[in-house]
Each structure stands twice: as structure tokens, then as C-alpha cells.
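One chain, chain A, links the two complexes that follow: it is found with chain B in the first and with chain C in the second.
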Partner chain A sequence: MNADISKKHYDVIVIGGGATGAGTARDCAMRGLSTLLIERYDFTTGATGRNHGLLHSGARYAVTDKESATECIEENMILRKVARHCVEEHDGLFITLPEDDLGYQAKFVESCLAAGIRADIIDPEEAKRLEPSVNPTLIGAVRVPDGSIDPFRLTISNVLDAERHGADMLTYHEVTGLIIENGRVLGVNLRNNLTGEQSEARADITVNAAGIWGTLIAKMAGVTVNMFPAKGSLLVFSHRVNNMVINRCRKPANADILVPGDVITVIGTTSDRVPIETVDDMRVTPEEVEVLLTEGAQLAPALATTRILRAYAGVRPLVASDNDPSGRSISRGIVCLDHETRDGLAGFVTITGGKLMTYRLMAEIATNMVCKKLNVDKKCETATTPLPGAETTPVEKPKSHMYAFNAKVGRHGTYAPSIDSHDEIANSLVCECEEVTVGEVKYAVEKQHAGTLTQLRRRTRMGMGTCQGELCALRAAGVMCNVCKKSVDDSAADLADFINERWKGMYPVGWGSTLNEAQLISNIYQGLCGLDNFAK
Partner chain B sequence: MKFDNIIIGGGLSGLTCGITLAKAGKKVAVITAGQSTLHFCSGSFDLLGYDAEGKAIENPVEAVAQLKESHPYKKAGVENIASLAQDAAAILTECGLKLKGDIKRNHYRITPMGVLKPTWLTLEEYLTADSAAGVAYKKLVVANITGFHDFPVEFIAEGLRKTSTEVEVKTLSIPALKERRCSPSEMRSANISKVLSTEDTLQEIADKLNSIANDAEAIILPAIIGINNDENIAILKAKVNKPLFVIATLPPSVPGVRVQKALRSYFEKIGGVFMMGNKVCGGEIEDGKVKHIETTLLPDEQLSADNYILATGSFQSEGLMSNYVKVYEPVLDLDVDASDKRTEWVDTMVYNAQPYMEYGVKTNNVFQTQKNGSTIENLYAIGSVLSGHNAIKQADGTGVSMVTAIAVAKNILNK
Partner chain C sequence: MAENLQLYSISENELEKCLKCSICTVYCPVAGVTPFYPGPKHAGPDGERYRIKDASFFDEKALKMCLNCKRCEVACPEGVHIADIIQSARIKYSKHKPGLREFTLANTDLVGSITTLAAPVANFATSFSPVKATLDTIVKIDKHRTFPAYASQKFETWYKKHAAAEQDKYEKQVSYFHGCYVNYNYPQLGKELIKVMNAIGYGVKLLDKEKCCGVPLVSNGFATQAKKHGEINMASMRKSVAEGRPILTTGTSCTLMMRNEYDHLLHIDNKVAQEHLLLATRFIYKLVEEGKVKLAFREDYKKRVCYHTACHMERLGWTIYSTSLVKMIPGIDFVMLDSMCCGIAGTYGFKKENYPISQKIGEPLFKQIEEAKVDNVITDCETCKWQIEMSTSAKVLNPISVLAEAIDYEKTKALNQ
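This part shows the complex of A and B:
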């Protein structure tokens, strides 16, 4: 651990490197607080990296939860501006199928409008023209301002900006306990998950933004935050089947959202309560795959014959209200707990509940509470200040070496020109599916805390495309040896992990062309290269 | 159109079988839909590399006896493997390929990750090791082409260093390649190979190699020379003043493409008909025999033969397919050896033996296939479409392809 960090006394420690934690760290740093963000693995390894990537319009919640719906549309409009390089603005459809009640549509539109969400009823024929992949038997359609958002990019942009405002980052550091004296949290005990080294960090306020794992952090502090882990499984399809989000116009149910993002399409989700002990290793079951496929084909029949790239699952941090320990009235809304007034434990705040869509608002609420406690009087500016990469300054196109430039702008916005592209080596492609260059790999390693192939994938989409890392992972491993100064054995072990991790998403959908591709990947990495020699 | 034999699939197995039959004077057609897995070739041909425990095998011919009964080598007959393998080696040689290796003693190839793996035959230009202890050189220069990422030179150097060979890594380029690099997707082995196919470019490469070799005993290049034939390798070797060897790259394999071309042109030279880009889309089976088959390119033409040989490969070649409910053989819907339960096809850990790797069409002891439980007398299966072994774990894929191809060809000739 960086010696400076353990010696420093911070204003605030934020626990959790998801969107909420990164957003909170950014907000705190922007308000002039000395800030430390602590994450036990890599950024975005929890629910942030395991959802639809849907830029909710809020329409989904309009009928059942007006408060969430209003929050969603407000944040939706904010993110389109401040995180423009992470957002695709393609709108969404809520379709009614013959077996659905068309009467629901009127109520749906009315609720949307009441929550401030644009909702236009369109002719089914018009819907088919706008979105040719939609189930052609539809009898009704409503167009809403849904979109998609890249949660990896969003989180890293928050991290970059927090650092720009002086925040420190500690990834691969797990909180093993809280330092509590005289009813006050003074900081955290830490374990470096790469080296096992123990250390501590201290601050006036500690913010628990650890998602579902926040319940365990709270327990370490001796307080109870009643959470109900809800597993959601999703499937990724090998190309962009639809160009608009497609939802069912009915009460929210399983597998009724189909979201296009970059070059792929995602169907989700299921929703099942799971024990907290299982949340570190979520695997998709055959039953969930069945539900996702059957329901997905209702939205867009082409899904039945489209190759599935992989399956994944995340865990929502649903919170039970304090007066309901049974969990019957579970909220999807934002919960910010001041443990000083609630439990008599000073210097400790939990921010949880909510959704990816409302991460910025959650960060604002948590930071407001921190500022109040520290008597800092500064206004939140995250609703109007663009994230790095989303500034309005035009990006100057390079005169030569145009290759992969648009992909870089797509991923890094106005930061794209700072990616090394000065010669043909920097411009050479590591990943052809996603157009990731050697320069971008270097950028991710040097500026975005990427030290492993899996982290590189989250920063650049390397290996996320059609081939699922068939060739690019080994190329990237070679480049990483040089850029990260990693030993060859470590790099090979990292590659072995990466391939196993890709398989984790492939085996639940291991049939058809996914199985064919899996055999090809195995033949290349194990048969041809002997990668299994390096597997732990 | 009538042939003596029709082979469905034009990869290593199909062409080996086709050559054996054509050499015996038979009228043979090979129908192939696309490129073959030779494009992923390591530069070596394996007979049997590892035993059931994953231990490297020293003498593959002896080790065949220990294989389980379902293994295609067992069906070909333990006592026949040596002579079938020798026939296979002879065919490769007749095709003009220069190979090294001994059937009674595996040697080692060096993988693109610097791992030493046991194998049977290797193309002459490759660096190999006599034993797992390492190569015969104490000091090597490994020279990569600047910006060529499909040759992960750090892994290769480290792998060689582990066997106590001193390795120096260098990169080199020539102006013609610099132009190519302006388009990053051009930096693939096959494209580079095309650039390095003139006397001038080879001279430039040789000059660079000679200037960086210093006191190394030999020079290593990625396997990017000689996509059409091995002449350019000979030219380059003559210009370089130290021993020159190659190590396999990531796909496409330049020497693999050359092997494919050599097999195909020899097959055609001895009278075989090679139908490229054509796909068998069905056929008629009557009284336990295939009557004729149909293809996509010749929709009005029924192709018939006395015997048919299925050499369509495994899942990656789409010789086997699967859907949500079953594994099937797509050409004639033959019976397959595979679990009915989809969840049993895969293991959750990628490095464990994957059950699906052993799936394939059901055959009897002479590799005759069956449909709905009845044997099809004149339809045989060979190569990776066969069930009963795991080519990745046992390092026996190319061996099974050639050995079963020749076993079936002989069987047909002796009918």
C-alpha cells in the first residue's frame, strides 16, 4: 500500500468502487474534501458491471413507483449531458402483445406523463418501421426516452474526475473491520487482496457505498442494514439485434427488457432472492436461461436464432425499510442512513438501494450528508459539470492514423486524443472486434488502473465482442507484459484466469454456435498454445 | 455424377483419405464447404501426446494399448497404428512436405506461449526439442516483426529461458511492411507472408537478421514464410549465416495453409476431384446404404458413389452441431454419441476435460456410421467427427485424422 495513504488523515473514506462509490468520491472531491475510495477488487466488479446498461426513462416504474420514475427521468436527462460519451440516445418502445391487456397502455402513458416522462403512443406499423426487429404481432406501442449507458465507462469517468480533484484510489483493498472508538468510526482496517498485507486508513467520515456487500460492512460496524440480495440474470447476444430498447407494456416482470449497447444486445432480467453467502459467485442456471430466451423471443423473435455470447448475473442491493425486518415492503428507492442519529454511531454513513440510473443522485445525497457533518458549505455541481470525456469541446480529428479513432472517441470522448497514436505501433490493433489499439491498452494501464486482462476488458471492451477473446486476449497479454512490466508467468496466469472467466459466461449457454466457438477457443489456447500449463 | 468414393470434408482427414484412394486408382471426389482447421495448425502432427493422467508420452505407438476402448485408435487396431501412421507420414512426404520426427519417440514442439508439447512429426523449418529438457541451442535470438502481435515473443522467450537457453528478443522491419502497418488489420501472418515472398524482401529480412544475430547459435522467426510452398524458406535460409528456425504463430497458420495446399494439389495431381465451396445438404439413404447426395452448388445434380466418407470435423468445423435440446450431425442426421442432457455437455471449469470434446458420430469397429440404430454400410466417418477421445487433453487430433482416414481407405479398397 502506498505509504502516504496510511499516513494521511482524510475527510472522507468511500467504501465501494461501483458507480455509486465512484460518484460519491467524485462529488466529495469536487466539494473540496480530501477523499479516499477503497475497492476490494477492481472498479465495477459488483452490480455496476452486471446489469442491463439501460438508461432508464423511468417509464418502467411509472405505474408502480412514481418516485423512482421521476428520479429516473431527471437523472436520464442529466446523464445525457454530463456523461454523453457513455450514453446512446436511441429511445425505447413499450410494446403490447396480443396476450397483454391493451387497456394497460392508457394507464401507463398517463403515469409516465405524470412523472414527467415523454410517452408517445405510436401505431404498431410505425413501431415496426422504427424497430424492424420488434415482434410483428404487436398491437400497441409507446415510445419513451430510454437509452443505453456503459456502466464501466461511466464509473471510470467518475474515478478519473475524482482523481483530478485530488481523491486517492485504492483498488484490491478489502475492508476487514472498522476502527471504532468512543462511538465513532475513525477509519477502516484493510487487507491488500493481491499481497495479503494488512493496513489501515483513517478519515472523519466513512461512507459505506458497497452495494449488496454494504450489509456486511454495516455488520462490521455493529449496526444492522437489512438488505435482500436479489439476483438478476441476463444474456448477451452476438450482435445488435435491435436499435431501440424494447420493453413489454405491462407490470414489470421477468426478462422483459431488451437493450442494445455498442455492438451487442442484452436481455434481462430474472429476479430471485438469494442468500447473502452466495453473492460473491453468481452463476446463471439453466432455468434462468430458459426464461430469458422464451420471454426474450416475445420481444424480438430473431433472438431465438441469434447466437448467445454469454450469460451473467448481478445482485441488486434491495433494502427493507427499518420498521419492516421481514422484508415485505422492499424499496428500490434510494436509502441514505445516518448511523449517528439512527444507531448512535458517529462518522458513518450508508448509501444504498437505488439503481445505476440514480448513482449520481445517490452520490449527491450521501455527499450532502457528509458535508453537513463536516460543516462544509459547498453546493453539488455534478448535475451540470461534464464528466471527463463528455466536455462539449469538439474533438479534433487526427490528420493520419485514423484507425480506431472513432472507437476511441466512443469510449473516451474528449480524452481520445490523449491516447498515444503517434506511430504505427501505437496504432496497431490488439482487439479487432472492438478496435482496441496498443495505445489504448497503454492508456487503460497508465490512466485507468487496469492491471489485468479482465480490467482491460472493462476499460476498453477488449474481448467483449463476437470472438470473446479468441486471439486478442493473448495479444493483449503480450502487450501487457511490456506496458505493465509484469512477469511473463504472472501475465500467463492472468490470461488463464481471463479465459476461465469468459467460460463462466459461456457454459450456461453452451450450445449452438457458442459451443462451436468455445471449442475453437479451447483449441487455440489449450491445444495450440498450452495455456492450461499456466492455470492455477 | 458418379464416383467410386465421395468424401465430405476437405481437411487433413478428408484429403489423406482421398489421396490414399486416388493412389489406388479410384475415382474420388472431395466436397468441401470452406477452409479447414489446418489453418490453426501448430506446424506439427500429433499421434498421441499425453496419457489419461496428462503425463507426456514418450513412445506413442506403445501407449496406444493403454487407451480406452472408445478411442478411434482402438477401433483401427492397436497393432495397426504404427503402419497406418507410417503410411500417413509417407503421404505427407509425397505431397512435398519436409518433416522430422520418429514414430517411436515423441519430440517436442514449442507453442506460441513458449510451452513444450510432445508431438510426432514437425515441419522441418520449426524449432523443436528432443526432450522436455529443452532445445539443442544454448543461445538464441528470437526476432519478431515490429507490430506483429500474433507472435507473443515475451512468452516464447521466457519458455525457452526456463529450459536454460539464453534468449535475446529483437524486432525488425522492412519498408514494405511499414506500409502494411498503416492499416493495422493487415498485420496478420498470412498478409505478412505475402509481403515476404519476393527475392528483395527476403534479402532485406536476411540482412536485418544477420545484423542482429551477434553471438547467437541460431535465429528464430515467427512462422510467416512460405504460404504457397517452402521455396522462400530455402531462399531465406541460404541468405542467413546462422541456422534459422520458426515457431508457430497465432492463427492463421502460414505453414498450415501450405500443408492444406500441398495435400490438395497432390490429390488433384493424382486425379482427385476437389469441389471447393460446395456443401452437402442432404442425401438419400435406402436399405442401409447411401444412394446419392445433394449439394448446394449443384442443385440439379445427384452425386453418387459406391462408398461415402464423412470427414466434416467437430463442432468448430460444424461437422457436429447442437441446439437447445440435442447434439446432432447436420449432413445426414446420423446417430451421435452425446449426452441427452444439455447441462452434461460442459464442465464449469474451462481447463477440465470438457465432455463435448469427446462427442461425435457413432461408428462400429470399421468406422461405419449408423442412423436410427441401423448401420449404413457404405458411409464411413473419419477424423474429428468421430467420438471417443479428447484431442486437446490427449494431443492426438491430427493423428486420429490421418490414421482413421487411411484405415477406412484401406478397408474400402479391400472390400
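This part shows the complex of A and C:
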């Protein structure tokens, strides 16, 4: 650990490297606070990296939760501007199938309009023309401003901007306890998850933005934040089946959102309460896969015969209202707790609940509270200041190496030209499915805190394509070995980790071409390279 | 519904079956000689995922380098139609307007009809250096290319005058799809086929209406016209089959196009071609093998030959019929060449920008041919013939031509009475 960090006294420590934590760190830093972000693994390892990547219009909540719906559409419009390099603006459809009540549509549209969400009823024929993959038996369709958003890019952009404003980042550091003296939180005890080394960091205010793990952080502080872990499973299809988001126009249920994102399509989700002890190891069950497929095929019949790349699951941090400890009235709204007024514990704030869509607003609310406590009078500017990469409209396209360049612009926005592309080596592809060049790997290592293959995947999409690491992982390991000056043994162990992690996602959908792919991966890495000998 | 879910994936051209093993790229003749072509996997299934997302990912410059030799498809263990993915993308997304060069190269039958009328002039002109220089700099057809000579009389004209009447005398009959090459450039091959078929007791008719199969049209950007031609060809073939005549050809690319590509590339109903269109060598070999036909050969016939497997012959998987047939000739000393692309790929190698790649691809083949020291190279493809004759000292023949020179016509005829 950086010795400077334990010697330094910060204004604020933010716990949690998801979208909310990164957004809060950025907001704090932009308002001139000295800020430290702490994450126990890599950025985006929790729920941030395990969702649809849906840029909600809020329409889904319009009927049941107007407040969330309004927050969503407002944030939706803001993110289209300040995070344009992370957003695809393709709109969405809410379809009514013959077995659904068409009467719900009128109520739905009315609620959307009341929440400020554009909702146009369109002819089913028009819906089929706009989105040819949609279930052709539909009897009704409403067009809403849904889109998709890349949560990995979004979070990293927040991290980069926070750093640009002076914030420090500490990944792979887990909070093992809070330093509390005289009813005040003074900082955190830390363990380096790579080396086991213990240390501490101190600040005037500590913000708990650890998602579902926030309930455990609160427990360390001796306060109760009643959370209900809700597991949501999703499936990734191997190419883009639809070009618009497709939802069911009915009360929200399982597997009724189909989101196109970059070159894939994601169906989700299921929703099941799980014990807090299990949230570090979520696995997708065969029953969940079946529900996702059966329901998904109702939205777009092609899903029934489309190859599935992998399955994954995340955990929503649902919070019970303070006045209902039974957990029956669960909110999806934003919860910001000042533990000084609530529990008599000063210097500690919890920001939780909410959604990926409202991460910026959550950050704003939490930072407002921090500023109030520190008597800092600075306005929030995150709703108008573009994130790094979104400053201008994307750069002009070059004539050669077009695929890779387009992909880079998609991932890094205006920063794409700063990625090394000066010669054939820098331009050669490490990951062919997702068009990641040697230059982009170097960029991710040097500028985006990527030190392992899994981190590289989250920064660049390397290994997320059809081959699931079959060819790219080995090449990337070679490049990283050189760029990060890692030992060969460490690189091989990292490679083994990466391949195992890919297999975990393929296992629940291991049939057909996906099984063939897994067999080929296993032949190459276990059979040909003997990678098992290197696993740590 | 659940029990039918996801047993297998269905996707256009089997896009989703790609396991990214990259063996196609290993077998790609273009990827082997230039770093500027990303290879079939990347130009095909990989790129397709991006093109589905956004048409602006279509990279015309890269995809134009594909020869459409289909060796990638032969190599693919998963049966992905890689070359078809690339060709479909070119048809779907290309904004390039075909120019004079593409028009000239594509319209083999129109240009052929005009040129045969003035064959001596045309042949002189296209072999004349100032004309070649103009073609090179203005039309961008490479000056090193030797244009196939045009015949002074179309095969169809010859057939009507000299052969048509005879054919009705035979009880058993076939139809012959001669193609543009036989019609305008090399009627001799058509005459040789008729000689062989007559010898084994078959009459040869032409189709009611025959149009260019569409291969040069598609590769030069005229897909709509290709589709029109295809519909006409299929209608003629359906009529021929209804009248009891299967259809024979002597060219691989026309055959592959009509049998294997009309349906998914141009959306033409080609069931009739899939079931009844055959290369003549396959048709004859089967008859011989089944004992329905007997061949008698000239005793004085001696030749050392080598066989070159054309790319589209490899894709059809019919090399064995042609080589087995040739090997039946007692006087033949047979050398099998390694199966590799000669580099011409139809009209591809005629284009100035492709010429160096085209020749580089062919180099190992040319070397093998020179080292084999043979009297003739045998191949089933006409454009391979041009390329090999231009690039080596060898003279190239179709297996049917070899058969025509080797059989004892009268004896064979008597055996098959």
C-alpha cells in the first residue's frame, strides 16, 4: 500500500468501487474535497458489473413507483449528455402479447406521461418494422426513451475524473473495521487482499457506498442498515438479436427486459431473496436459465435458437424502510442515511438503494450531505460536466483499421485517439471478437488501473466476445506480462484465474456451440498449455 | 415450448457456430500473402457481429480482398458459411458504385456477344500494348493480364448449325449449361463434351434459355442482375428436368454458384440445380462405375499430366470424380498437385489493385507445376486455366478435353450401342 495514503488525512473516504462509490468520489473531488476511494477487489466487481446495462427510461416503474420513474427519466436525459460515450440511444418498446391485458397499456402510458416520460403508442405493424426481432403476435406496443449503458465504462470514467480532481484510489483493499472514537468514525482499518498487509486510512467523513456489502460495513460501525439481498440472473446472447430494448407491458415480472448492448443482447432478470452469506458467490441455476429462456423467447422468438455465451448473476441492494424492520415494504428508491442523526454516530454516511441509472443522483445526495457536514459550500456540477471521453461528439473515423478504431471510440470516446496506434504491433489485435488492440491493452494498464486479465476485461471487453477467452486470453497475458513487468509464473496464474472465471459463466449454459467452445478452450489451455500446473 | 428451446442455434450462414478456432484464416490464400486482409474469420463471423450492430462497421476495403475461393468453408470444422457471410455483407452494405471496369468484367455474356462479332479485332486490340496500357491506367485492369481470346463463332451458333440435328438421334439425353467461357472464349470444350457424350450414347441439348450464372456479376456489384439471370436459368433447368434431361456443366464456379449459393446469396429457389446439376466428369464417372457405360481408349495415347484442384472444385468436393476419370486412361502418367489457390479467382486477379496479391498467392503452385515437367496441367476451372497459362509455361486442359483426345471414338460408340 502507498505509504502516503496512511499518512494522509482525507476529507472523505468512500467505500465501494461501483458506480455509486466512483460517482461519489468524483463528486466529492470536484467540490474540492480530498478524497480516497477504497474497493476490496477491482472496480465494478459487484452489482455495477452484473446487470442489464439498461439505460432505463423509468417507464418500468411508472405505474408502481412514480418517484423512481421520475428520477430515472431525469438521470436518463443527463447521462445521454454527460456520459454519451457509454450510452446507446436506441429507444425501447413495451409490448403487449395476446395473453396480456391490453387495458394495462392505457394506465401505463398515462403513468409514464405523469412521470415526464415520453410514451408513444404505436401500431404493432410499426413495432415489427422498427424491431424485426419482436414477437410477431404482439397486439400492442409503446415506444419509450430506453437505451443501453455500459456500466464498466461509466464507472471507470468516474474514477478517471475523480483522479483528475485529485482523488486517490485504493483497489484490492478491504475494510476490516472502522476506527471509532468518542462516537465518531475517524477512518477505516484495511487489509490488502493481494498481500494480506494491514493498514488504515483516516478521514473526517466516511461514506459507505458498498452496495449490498454496505450492510456488513454498517454492522462494523455498530449500526443497522436493514438490507435484503435479491439475486438477479441474466443471460448473454452471442450477437445483437434486437436493436431496441424490448419490455413486456405488464406488472414487472421475471425475464421481461431484453437489452441490446454493443455486439450482444442480454435477457434478464430473475429475482430471488438470498442469504447475505451467499452474496460473494452467486451461481446461476438451471431453473433460472429455463425461466430466462422461456420468458425471453416471448419477447423475441429468435432467442430460443440463439447461442448463449454465458450466464451471470448480481445482487440488488434492496433496503427496508426504517419504520418497517420486517422488510415487507421494500424500496427501490435512493436511501441516504446520516448516522449522526439516526444512530448518534458522527462522521459516517450510508448511501444505498437506488439503481445504476440513478448512481449520479445518489452521489450528488451523498456528497451534499458530506459537504454540509464539512461546511463546504460548493454546488454539484456532475449533471452538466461531461465525463472524460464524453466531452465532444466522437472523433472522425480513419480510413484503415476501421473495426478496431470504431470499437475504441465506442469504449473510450474522445480519448480513443490517445491510444497508441503508431505501428503494426500497436494496431494488431489481442482480442478479435471485441477488437481490442495491443495499444488498447497498454492504455488500460497505464491509464485505467488494469493489472490482471479480469481487470483488463472490465476496461476493454477483452474476452467477453464469442470465444470467451479462447484465443485472446493467452495473447493478452503475453502483452500484460511485458507491459506490467509481471513474472511468467504470476502471468500464468492470472491466466488460469481468468479462464476459470470464464468457465463459471459458460457452465450454466453449457450445451451446443457453447459447450464446443468450452471444450476447445479446455483442450488449448489444459491439454496443450498445461495451465493447471500454474494455477495458484 | 421449453423442451424445444436452445437445442441448437439457428443463424444466417451458421454465423453462430463459429468457435473462433481460426483454422479458416490458416487456409486463406489472401491472409497468407498480405497483412492488410484480416482473414476470413475476422472479415466474416467476427465482423458480422459488428455489422449487425451498425452498418458503418462495414469495411469495404478489407472485404473486397476476399477471393471468395471458399477454402475457408472447406476448412471450417463447424460448417460456418464464412465466405457467404462476407459476400452477403458486400451485397448488403456496399455503397461502391460499379464502374466501367466492373461492368466490363461482370457482363461476360453481353461483352462476349459484342466481342465475338469482332473477335480478330478485339483479340488483337487486347493483346496490343497501348490498349493494355489504357486498360491499366484508365480502366484499372492490370496490364500484365492476358485477356482470354474471343472465338470468332459462338458455341451456341456452332451448335445450331452443326450439332443440334444430330442430337435427337440419341435415346438418352442431357442438357448442357455451357457458360460464358465456352460460348465466347473456348467453344472447343463444348464440342469435346458433345463428342464424349455422343460416344457413350447420350445426346446433348442446350437449355431453352441460358444466362450468365452470376458469379462475375455478384463479385463486381451487380447482385440484382445476377438474381434475374438466376431465375431464368432455374426455370430453364426445371423445364429440362421435366423433359427427362439432367444438366451437365464443364465449369466449377458456375456449378457451385447455381447449386450452392443461389438460395442463400440471391434468394433464388434452386432445388432443381441441387438435385440435377452436375459436372460432366462426375456424371460420366458414375456411369462408368455403375457399369452403365464403357470407355475404350486409343492405344497410342501417352501423356504426363498433373491435376490442379480449383478452389470451387475443392468446395464442391468433386475432385475425386475428375481425377479418377482421367486416371482410367491407360496412357496417362498422373501427378497430383497440392490443393492450393492459383490466385486468379475469376475476375479478381484482373483488377489492377489485386494483381500483385493474385500472383503471390499462385507462386507456390506455379513452382510445383514447372517442377512436375508435364505435357499438360488438368483443371476443371477456366479462370485457373488463364492464370496458369499466363504464369507458367504449361498448357492447361479441362478433363473433358483430355477424355475427348484419349478415347477411341468409334470403339467407345460401339461399346455403348
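One rule holds in what follows: the second predicted complex is superposed on the first by the 526 of 536 C-alpha atoms of A that agree within 3 Å, B and C clash if a C-alpha of one lies under 4 Å from a C-alpha of the other, contacts with A are read in each partner's own complex, and residues count from 1 in each chain.
One rule holds for everything that comes next: a contact is a pair of C-beta atoms (placed from the backbone, for glycine too) under 8 Å apart; a residue touches a chain by one contact, two chains touch by 3 or more.
Predicted model only: the values in this text are computed from it and were never measured.
Q: For A:S491 in the superposed arrangement: first (chain B), second (chain C), both or neither?
A: first
Q: Could you look at A:E424 and tell me whether it touches chain B, chain C, both or neither (first, second, both, neither)?
A: After superposing on A, A:E424 lies in contact with both chain B and chain C.
Q: Does chain B (first) or chain C (second) touch A:N368, or do both, or does neither?
A: neither
Q: Going by the contact rule set out at the top, does A:T176 touch chain B (first), chain C (second), both, or neither?
A: neither
Q: So which one touches more of the residues on chain A, chain B or chain C?
A: B
Q: Should A:N192 be classified as contacting the first partner (chain B), the second (chain C), both, or neither?
A: neither
Q: Is A:C433 in contact with chain B, with chain C, with both, or with neither (first, second, both, neither)?
A: The second partner, chain C, only.
Q: So, does A:R240 touch the first partner chain B, the second partner chain C, both, or neither?
A: second
Q: Does chain B (first) or chain C (second) touch A:T70, or do both, or does neither?
A: Neither partner.
Q: Which partner does A:D262 reach: the first (chain B), the second (chain C), both, or neither?
A: The second partner, chain C, only.
Q: Can you list the residues of chain A that meet both chain B and chain C?
A: Touching chain B and chain C on chain A: residues 293, 403, 424, 429, 432, 471, 511-512, 516-517, 520.
Q: Flag every residue of chain B that touches chain A in the complex, lowest number first.
A: Checking each residue of chain B against chain A gives 37, 40, 42, 111-115, 117, 146-147, 149-150, 152-155, 157-158, 178, 181-185, 187, 248, 250-251, 314-316, 318, 321-324, 342-343, 345-351, 354, 356-357, 391-392, 395, 397.
Q: Spell out the residues on chain A that touch chain B in their complex, using ranges where they run on.
A: 283, 286, 293, 401, 403-404, 424-425, 427-430, 432, 437-438, 471, 474-475, 477-479, 481-482, 488-489, 491-492, 496, 499-500, 502-504, 507, 510-512, 515-520, 522-524, 526-535
Q: Over in the complex, which chain A residues touch chain C? Could you list them?
A: Within the complex, chain A touches chain C at residues 238-240, 260, 262-263, 290, 293-294, 297, 304-308, 397, 399-400, 402-403, 406-407, 424, 429, 432-433, 435, 465-467, 470-471, 511-513, 516-517, 520.
Q: Over in the complex, which chain C residues touch chain A? Could you list them?
A: 1-2, 4-11, 15-22, 35, 38, 41-42, 45-50, 52-54, 56-57, 59, 61-62, 78
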